[in-house]
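First the structure, in the form of structure tokens, and then the observations on it.
Letters A, B, C and D mark the chains in the order given here, with residues in each chain numbered from 1 onward.
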């Protein structure tokens, strides 16, 4: 199973007047982790693999998260991400964010592989992932 | 059932290099809608009701969202929010974001009423909502 | 002189643990005001005028701001923006953000009209603004 | 002179539909660098030094920035920050952000040391920095 672990720090500007992280920031953190997971699997930076595979991106179709412990500015956190399912044109990633070993937040997201519609470049349509990509994601 | 409808516009800075909204921004939009719903129910601005009820806030415990249609900068969207459950110290809100009448995104969140721990103001603990608040949320 | 006035509200998620707006949010507010000023002048939404004029955008080259009074979540603010200079490929906009009539923040920004480099679409180069655009910006 | 150097990466969610960083994100980057500079000088995390010195923060009074080269998602950047002036209750920091050695963005900010007004905790007033803080900032 493809996994990625990274650490980051919750910053002053991530926190709200209650002094804890403003929860949409967790999804920004998860998005960075997904990028890193994909870059690691595909052996290229995102800006490169978008071009190499001719895609517009892999936007989120569906997501859910639970916030178990508050995090505050200055907290060092670790995010462990894993690809838990890989379909034809979509894949699912789960994230676990811990603080000093304790689970603080967990998230899951389903993403879809999309290309720009040739007839209308402002539109995007899902597309089957190339076999090479599926292989790299599943035999990571 | 307590509901709130508002409109907003997706802006350039909300969008990513694919030209569509960066999905964490939807949670920022939902958070504003929840604030408005609560302000409407309680008859006070958030900064006032935090003080009036002595709470640190009502952070999100759990959330999920589905993104059905992409939105782009310049899109006028409507967000309809409804309080769908009210417990002792938590409540659940659902949001439906539409673009030209079509459902583009939907979200649900469970929030908890929290006070600062008197023994340690950096800690927060859940607390039963005052009966007046429950009444206003449920007979809104 | 081309001007635009709009109102917005400082939200919970815009504020930091000190309870006041996290200052980078002011630049997000100014960016929206610039979009509105340009849309008003050019008679098209930004997504439309980027396409109509074949540009990648009008990124900021230089900016400065002074923050005179703190703003807090729930504050209704007004932003008055004016185009104060229009050159060949760049223009300058000034913003004044007021709260209950008092000047809370002011900003100035110089932007440049850019197209994607045909030889390398990931690169952008400045270009003279079309006479029609200059006319609309200066005789707005 | 007190200085700090750190590296970070421009991420997908920091970039706009032109594919380059949305400029308010630079101020978020600079804010993190200032936190790190202060933490290094004072030998404590921000959450600790706010408490130790009884302050609400050190908000920005004035800032300016020049953006010389665009940065894109995946770019590794280095930010060098220096305290260039220290007054009685305010101080000035300059930032230089480079990409592969080339200056991409530079910023300067003046910040003020503030405490909550005892008569009204929602108000903040500037206060002289403790001699120990001045000593640490200037003999860093």
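In the analysis below, a contact is a pair of C-beta atoms (placed from the backbone, for glycine too) under 8 Å apart; a residue touches a chain by one contact, two chains touch by 3 or more.
Everything quoted here is computed from the prediction, not taken from an experiment.
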{"item": "Of A-D and B-D, pair with higher C-beta contact tally", "value": "A-D"}
{"item": "Centre-of-Cα separation between subunit D and subunit A, whole angstrom", "value": "28"}
{"item": "For subunit B paired with subunit D, centre-to-centre distance based on mean C-alpha positions, whole Å", "value": "31"}
{"item": "Residues of subunit C touching at least two other chains", "value": "12-13, 16-19, 22, 24, 28, 31, 47, 72-73, 122"}
{"item": "Pairwise touch network: line, ring, star, complete, or other", "value": "complete"}
{"item": "Of all residues in subunit B, those that touch subunit C in their complex", "value": "11-13, 28, 31-32, 35, 45-48, 72-74"}
{"item": "Partner subunit C, residues of subunit D touching it in the complex", "value": "16-20, 22-25, 27-28, 31, 56-57, 59-67, 70, 72, 114, 122, 124"}
{"item": "Contact set on subunit B toward subunit D in their complex", "value": "12-13, 15-19, 22, 24, 47, 73, 122"}
